[in-house]
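Chain naming follows the written order as A, B, C, D and E, and within any one chain the residues start at number 1.
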Amino acid sequence: MLGTGLLQGLAVTAKNLVGSFHDPARLPTLEYPEVQPQLPEAYRNFPFLVSESAEDPMGTLRCVACQICEKECPPQCIYIEKSKDKKPDAAGKQQIFPAVFVIDTSVCMSCQICVEVCPFESIKMDQVFAIATTERFGSLLLTREQLAKPNSYYHQIHPTEAAEVDRRLAADRQAAEDKAKAAAAAKSAAPTPPAKPATGGPAA
Amino acid sequence: MILALLLITLLILASAAVAMVLRNLIHSALLLVLSWCGIAAFYLWAGAEFVAFAQILVYVGAISMVVLFAVLLTRPARDAELSVPAVTVLRVAAGLMAAGMVASILGLAVLTTRFSGAATRAPQLTVKDLGALLAGPHAAALLVTGVILTVALLGAVLIAAPAPAPRPEDHS
Amino acid sequence: MTPAAVPPDRWLELAPLQLRDWVTGFLPASLQWLATGLITIVAILAVFGLLFAYLTLAERKILGRIQNRPGPNRTGWFGLLQPFADGVKALTKEDVVPRQADPVLHYLAPVVLVALSLLGFAVIPFGRHLVAVELDAAVLYFFAAGAATELAIFMAGWASRNKYALLAAMRALAQLISYELPLLLAFVPVVMLAGTLSTTAIVAAQGGWTLGVLPHWFVLTPWGFAGFVIFMIAALAESNRSPFDLPEAESELIAGHLTEYSGFKYALFFMAEYFGMCALCGMAVTLFLGGWQAPCAALECIPSYAWFGAKLLTLLLGFIWIRATLPRLRMDQLTRLAWKFLVPLALINLGTAAFWSLTAGWTGGLQLVRWAVALALVAGPFVLLGRRLSRGVAPRVYRYASS
Amino acid sequence: MSAPDSSFLAPPAGSQVRAVHDEFHGDLLEVSMGPHHPSTHGVFRMIVTLDGETIVKLKPVFGYLHRNHEKLGENTSYLASMPYTDRLDYLNSMTNNWAYALAVERLAGLAVPARAEYLRVILAELTRLLNHSCLAGFLLQDCGCSGTPLMYAFREREKILDLFESLSGSRMMCNFQRFGGCRVDPSADWLAGVQQLTDGYGAFLDEFEALLTGNEIFMARTQGVGRLAAPLAISAGVTGPVLRASGVAHDLRKVDGYGAYPQFDFRVPLGDHGDTYDRYMVRILEMRESIQILRQALARLPDGPIMDPKAKLRGFRPKAGEAYGRIEGPKGEIGFYLISDGSPNPYRYRVRPPSFINLTILEDLCLGHTVADAVIILGSVDIVLGEVDR
Amino acid sequence: MTPLTLCLLLSCGLFSVGLAAALTRGNAILVLLGVELMLNAANLNFIAFWRFSGGPASTGVVFVLFSLAVAAAEAAVGLALVIAVYRHQQSIRLQDAVRLKG
């Protein structure tokens, strides 16, 4: 009969109206500034650079300015200038470091391909999303100093992933040391080559 | 009392006259609506409530709509102004003269006639009385009016409805 | 509006009138009639202005709840100040008038619309003693005042010089003409049964209760129910509410006749829409739901205007509920619904009402026959015409690929 | 894009199209709907010529969102194109990723482990649920439902997006598939979440259908509106639910049997009328089938790796050759055609966007109907301008 | 001048305006509106005489009601004719409507 479909629809909306008062599934709104969203661990926003220590972020950057991320970045929002000199990294090894490392976050599309291709686990995705600025250019162009965040922060936002990365790095370092020892045992005096990861796999 | 009547007169005549002179048909129609409202006000002034409301319902509510619809449906090609084409001066003059003559003859007749027994108090006519009149002495007329309205409605639909088959290509 | 022959009334019932008389008492006698009129106007404006403000809030809240979201809740406690914030926003916004527009008509349209939509309130009896103007032909006055609103919508649409607005103007004209007829035909039975066009007399005709609980409202008779439903459907269409909001169909015509309006003129259109909605619902309450009459004798202690308000709000909430649920009709379906369904039903309903009126003397077993015949006269045409209307439209059964 | 050569195309059903004469132009109203019109689903423009409210001519105009997708693909590495595919049809990044990954895998000869294939099916079907729910919501919004069905659809979509976010890190730009597998192995929690969603989705569909499928106004608005005859659909290259609503049993999941689909038991719903209502209902029924597929996939999800060990992330250079990978996306056949010359970038990168090709029939569907119908017909064709304009 | 005379003069003026419009304007719709105005002028007379005659007869009012109905019918048919004419010759200038056959 004409009208039954209409009445059925009205019943559904009435159910939702009543349900919104007692059933949380029917009122899923998060009242944002008061209630902050629970970000999943995998959540990614813009990249940051991992440094080993919080006290001296510029001195302990993992980045060695290999420029792979710069090349792979789809929108090409990363700009790197290699340093002319070498500087000891966190492990005390002499490394080239990024003299300039800039990410234009107005261009970045948060694809995390830089993270995947980085062989040194030095660039990771941040989770800070309230990043509105009052000006379009300078404050969206993040420099090395703004990008550097300590490993402890990485552990804080991506605990599982960071633990895995640390394990892998430790294993790599161990392997490199073993190799170096073996090499040292074989040839008595030779400078240590820069550490290269054995697997080369992405940060999963 | 007279003042109100004068105001109403001014409203009716001015809006009607301006409406008939304007080139923009929509403006004409809307001004005519004002004129019709003035006529309803006149009926109210005269104490014929029911007729006044009926006037608004019929003229403002229905006829004006039909007029506006007709104006919109008959928009001249590529013309946003909906202007009325100019006609010959002769024709206008002749028309105006005829109207002026009629007006003067009628006016003279009105002014020279002595009307007897001018009532100062409005006759009372309730809706019930009117209904009784319509259903009693004037029942036949009412029926005929109903038939006329129905026939007119059907006729209007038939005339205005587009031809059922797609029209041939040769229209000019 | 004179409390001359007051039945044993309670204090609350007369309170608004006494307040008014107390205020006018300070003025010389020659000015009292003017003051009384002005106070009535101000009271209606204030009450329905506030109702408009909070109706917009209620609509947004209820729509929100139906759509599983909280609705506006930031301005004031539970968003209670939202209407005022909206008003301030509308006032401070730039008023944009397109260069091509007809400036006079563009300006006049919202003003005329609001003015006309307010006229209807004059004859609605809000309470036992609360009616602004007692008119012999009050119902006719009401619909005459309502008939003019469509002109204002047309003016808005045409004067904007916008193709969407023009289409909306055409739609508005066609829609309002089509639904005027069922609206008028739906209340004719009431006039027939009550024997009057006066709203106060129509409400009075619905007074009294059977056994003290069953009110004698017209909606509780077969013809009255049918008339009420037809009236409400036509009222939805007349006030341009969903599912008949074709003139301002936002998914098709952007905002229809409102496309080129902004700021306070836009707000005025909304005000007029809500005023029109309130007036039509108020008229429906008066004609079919017993006006200010209490639903049963025991509840008469509650003042009559409270009952009127409660009934009015119920109908308005129904409007909001329908808006949240139903999709919009198409223009041809809209007119077909009016001319091929509502108008015949209303005409048949006229016959039903005539039958009901003629058989008023039947008692006992004949009473049952009377009800049965009347119900059949209402339900039968509905089913038959409904089947005709929805021919070719049915849920379908689907097949699946054989592999 | 304008008037099709109707010699071999079936004329639109039930339309009495009047010829448009130039000297007669004053009678007709030309309305430019879009590029910013509430119902054009983005920046799409329809130049409609109206006789009253009836459409006698409709000229779609697009390109407002053109961003050189294909040329970008030829100037970046294979991997770098992956996040760009997210932005083609931004509702369905998972299936876009899959189609692109499939093309590259064919080009480079990579094998996908069973677990990754199952995962891809799960994600693709979730995407289908998401897309069809949104489509139903948008369509009903275009019908004038004041947002209620849209909000219900978005309520459910939100749950799927939450799942996507917790798996891939992003709600809509998932960038999840990789050449030779998937990026992340889902946790047991995540799979439980999918199971929970799958179990609850049927109830949502029931409620959604109760809201409007039987609604007389909705049926009157959609039944018989925008009929698409099967021959026209086939000759215009229409795919996906729009094609199946016209009664053509063509579903790449059955035809190609790509991925793990041959291992699942599901049906392909077909419409008999090809009108807007059929397009809506076919999608609703497809969602019910998707739920079945999800149930089976979750129950039988194998263990194992999720990446082909041969797959290389850095320095990926497939040998010279060409490949076409296509899958049944929610909107139709989404395909990527790649030519490799052995360099890190594709020599040619071409997308077959279902939205764009399905849109070509718009004028045929709309002629003889009203403006109000054009809006819902456009809604029922289900386009995303990101994919149309590329 | 008595009110009745004023009323009659008003009606006379309105009639002349309508007549002038009907005679001078070339637009079919305006001509029709002019005829409407003349009808209205007649109605004004009916009401005026009813109001000032002082007699008990209410025939004037009843007649106006019938006249309203007839005016509505006239407008409907007239405008339908205008639309039909427009369909045939793409113009509503009465001077153009010279052919009886479409």
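Structure notes:
Definition applied: contacts are C-beta pairs under 8 Å (C-beta built on N, C-alpha and C of every residue); 3 or more make two chains touch, one makes a residue touch a chain.
Because the structure is a prediction, the values reported are computed rather than measured.
Closest to the middle of the protein, by Cα centroid, lies chain C.
Taking the CA centroid of chain D as reference, the farthest chain centroid is that of E.
C-beta contact counts were set side by side for A-D and A-C; A-D has more. Comparing the CA-atom centres of all chains against that of chain C, the greatest distance is found for A.
Chain A and chain C have Cα centroids separated by 59 Å. Chain C and chain E, compared by their mean Cα positions, are separated by 34 Å. Here the spacing of chain C and chain D, counted between their Cα centres, is 44 Å. Separating the centre of chain B from that of chain E, both taken as means of CA atoms, is a distance of 5 Å. Annotation for chain B: residues touching 2 or more other chains are 50, 54, 62, 66, 69, 76-77, 171. Across the assembly, chain E contributes 90 as residues in contact with two or more other chains.
Across the assembly, chain A contributes residues 2-3, 6, 9, 12-13, 16, 28 that each touch 2 or more other chains.
Note for the complex: chain C touches chain B at residues 105, 135-137, 140-141, 143-145, 147-148, 150-151, 154-155, 158, 161, 166, 169-170, 173-174, 176-177, 180, 195-198.
Of all residues in chain A, those touching chain D in their complex are 2-6, 8-9, 11-13, 15-16, 28, 40-44, 68, 72-74, 109-113, 116-117, 119, 125, 200-202, 204. Contact residues on chain B toward chain E in their complex (touch as defined above): 1-2, 5-6, 8-9, 12-13, 16-17, 19-20, 25, 28-29, 32, 35-36, 39, 42-43, 46-48, 50-51, 54-55, 58-59, 62-63, 66-67, 69-71, 73-74, 76-77, 84-85, 87, 91-92, 94-96, 98-100, 102-103, 106-107, 110-111, 115, 117-119, 122-123, 125, 129-130, 133-134, 138, 141-142, 145, 148-149, 151-153, 155-157, 159-160, 162, 171.
Chain E meets chain B in the complex at residues 2-10, 12-27, 29-30, 32-34, 36-37, 40, 43-44, 47-48, 50-56, 58, 61-62, 64-66, 68-77, 79-84, 86-88, 90-93, 95.
Of all the residues in chain C, the ones that touch chain D in their complex are 63, 66-69, 163-164, 166-167, 170-171, 242-243, 245-246, 249-254, 323-333, 390, 392-396, 398-403.
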